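Just below sit the structures, each encoded as structure tokens.
Below, subunit A partners subunit B and then partners subunit C, in two separate complexes.
On to the complex of A and B.
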């Protein structure tokens, strides 16, 4: 078994997503990094629970064939839809913010919000 | 059947309220009355010892979705009904878009679903639904500061749920089931705890902690709860945060989280109180107090004995009532005076109506732990069950800190006639205030007689009065020395970093415990 499998790729992607979330100052890129991070958790859930050499869980031939567990694949559908909804709604709110402050830079947004609070 | 009807009915009504615009307000009231009946029937069935559980489809408990009601979920359903009723009454005279009622239906539906949910993935889906609904509710008025606060909340909560999902993946890989009852049987029957449990439980706990208002994880909370409109703050602070705590309780019954939850509760309680003492903005101070009061609830869950869990649930309900009341009354006060800072409010206190002032007073007495109000009951149950000296000290420190920070409000409470209040607000205050005042006799229904006598005797009464007195004295010294606390940790990047640090902390503590 090689060390390049779904789980290691998922961990690397999670790390990249997290790094992007922390070091990039642009809000849109942050949201993309968040999408990447959530995608990696889905990959982790599916590939951790798949069998090496397993067959897709569609019964065609004899029942002695090694089928992959279908439940995680059913679960991640819900997770994918949720992540899509989160990304879409977040981008709508980013649009509203840009209309008001004309920036997507989080440091400046933080600054503007604090200034509004003290005034 | 009824268990499934409560959440699904609200989801159905959420769709309906967009279609039938004029009747949304009445429909909301009607649905809450219906909920009250259904919860009453559930209580009756529970008292008769019937099993209140339903598994959808023919998949069995390993694979199917199980909804089940137990004592915790039923008691917290009462909180949902009271807070829901109060918020609807508070907003009754305002003209709101049907969209608002749709969000409320979604919120109540997912809250009921989460109270009854019994498997890890179902909990994940409902928590995400709660995140989305509360995100939209915080930004409902579309003010720029609200939108920024809710975006921060969404990013952090989504990160938390990502971490939670990793935990779910590990659990399913090793056990092949996600049902919490089955998992608990598997993990405890295997003798010593396998290594993967440490990683999985710290991932799950970190993910949920982001949503349940624990200081190092939920740094989005002060901004989000302070900027949202008062009715929404009351719901978020009183109800949505409790849902995270309920999930923590369910996890703590299965996974070895005891030590980590105890440490986290001390951290969130003390840091929350320090920030609350030096915050002079009324709504922000209430938001910091949500962080601090969650400390009590999580402490009881961490210790995990029967009395402590009963105390936690009681404090969760009590906190929901008085924090809801405080947010509603504070919102009315801020609206009447046009000021949010406490000195400004005190200067214009004659513009605040008498009902709002009484609401603030009752809420303050509740949160301070003044006997015989709601806060006192939870606090004395918790300290009755606590055995070690460290935990007793933490509890006393938390109580004194709460009194110190709320002592700032005392000049507001002069009982003079102010402008009149609309009847709807008075009804809202009564819905929340009355059960709080009658909390002590009401708890008698849920606790064994001996425990009740022991926890609420003369000694706890005197102790709480002493704590309140000590807090008021310390406030007189502290108010001359204002302090500027670091605000940077509430920025988005720093909040993400603290979540990571918190994860490692939880991991180490789970390993040690």
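On to the complex of A and C.
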């Protein structure tokens, strides 16, 4: 099956992540969906430059082997690290919100914040 | 209980559909042209000395990117510490002691995991790995120890204040190392060390130093994040 490759799976995962980010009301699940978005982007970038018969870009000798492009893999590294950083910081913010309003539901958070403003 | 309005669902479906359509339009018919791989494969070893081309790119050609990546990581660690430092401990969770099997296996595995992390960082220019993955591997070994022995026992051994200072010293060292070539009249971010013999330990110029520093920094950063999350809860 040639239509099931990394790119199509990444598109499906991106769709699931985007839906979760928009529809679900729980902040932690929104963060998980954000992680899914990031993972699908990484999968897309890495599988786009895969070649049939290509070997990892680590030079073994002067022989002419087909190496895959190392540039997307080096860029993906930054995406992974920054996703980790964003996840850690966002979890801290969720913890602060839960400490103050005792809920992770976005709509109830909005209600609580409005009630606090009016009172 | 949970009601989702139809408008939101329709908007989401429309967004996803547009995204898929754009992606299919771009990549479904003709694949993108990828010809940089050959150029990197033929020239990177001579120019940087590193056999692992991914390391050669992110620690030599595109070091500027990596510097800001490290800064983003540092800012995240700083943010976690800033928001959690005065909190927690009011309703500390009582620690449930782990079984002897978990404690013994953690004792046995921890040096091996540290060794694996150090190996990944040191051999980052020769084989798959690098500073980031090595640091995260070592940090998760520390998390395993925290699960088995308790976070407070680990925190007593690794003094957090000293770690904090060491982390910023390492960040300063990385930044100084990047601008150091100015002293010799070279451009900043250029590599001063000799390239070395291809495939040997001492090849790749300053990539080895960067990998070691980044590995240590990520190790400390991971531990600081784990420590503050655990301390907020009281105990693991």
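Here is the rule we use: the second predicted complex is superposed on the first by the 113 of 119 C-alpha atoms of A that agree within 3 Å, B and C clash if a C-alpha of one lies under 4 Å from a C-alpha of the other, contacts with A are read in each partner's own complex, and residues count from 1 in each chain.
One rule holds for everything that comes next: contacts are C-beta pairs under 8 Å (C-beta built on N, C-alpha and C of every residue); 3 or more make two chains touch, one makes a residue touch a chain.
This one's a predicted model, so the numbers in the text were calculated from it and none came from an experiment.
Look at A:57: by the touch rule set out above, it reaches subunit C but stays clear of subunit B.
When both complexes are overlaid on chain A, the residue A:88 reaches subunit C alone and has no touch with subunit B. By the touch criterion defined above, A:45 lies against subunit B but remains apart from subunit C after alignment on the C-alpha atoms of chain A.
Once chain A of one complex is fitted onto chain A of the other, the partner contacts of A:117 are limited to subunit B, with no touch recorded for subunit C. In the superposition on chain A, A:67 makes contact with subunit C only, while subunit B stays out of contact range. Within the superposed three-chain model, A:15 lies in touch with subunit C and out of touch with subunit B [touch as defined at top]. In the superposition on chain A, contact of A:34 is made with subunit B only, not with subunit C.
In the superposed model, A:4 makes contact with neither subunit B nor subunit C.
The contact surfaces that subunit B and subunit C form on subunit A in the two complexes overlap at residues 14, 18, 22-23, 48-49, 69, 71, 75, 78, 82, 85-86, 89, 93, 96. Within the complex formed with subunit A, the subunit B residues making contact are 63, 121, 124-125, 128-129, 131-132, 135-136, 139, 142, 144-145, 147-151, 154-155, 158-159, 162-163, 165-166, 168-170, 172-173, 176, 223, 487, 491-493, 496-497, 500. Note for the complex: subunit A touches subunit C at residues 7, 11, 14-15, 18-19, 22-23, 25, 48-49, 56-60, 67-71, 73-75, 77-78, 80-82, 84-86, 88-89, 91-93, 95-96, 99. On the subunit A side of its complex with subunit B, the touching residues are 14, 18, 21-23, 27, 30-31, 34, 37-38, 40-42, 44-45, 48-49, 69, 71-72, 75, 78-79, 82-83, 85-86, 89-90, 93-94, 96-97, 100-101, 106-107, 109-110, 112-114, 116-117.
Interface residues of subunit C facing subunit A in the complex, by the touch rule stated above, are 2, 4, 8-9, 11-13, 15-16, 19-20, 23-24, 27, 31-32, 34, 36-38, 40-41, 44-45, 51-54, 56-58, 62, 65-66, 69, 72-73, 75-77, 79-80, 83-84, 87, 126-128, 130, 132, 198, 225, 229, 232.
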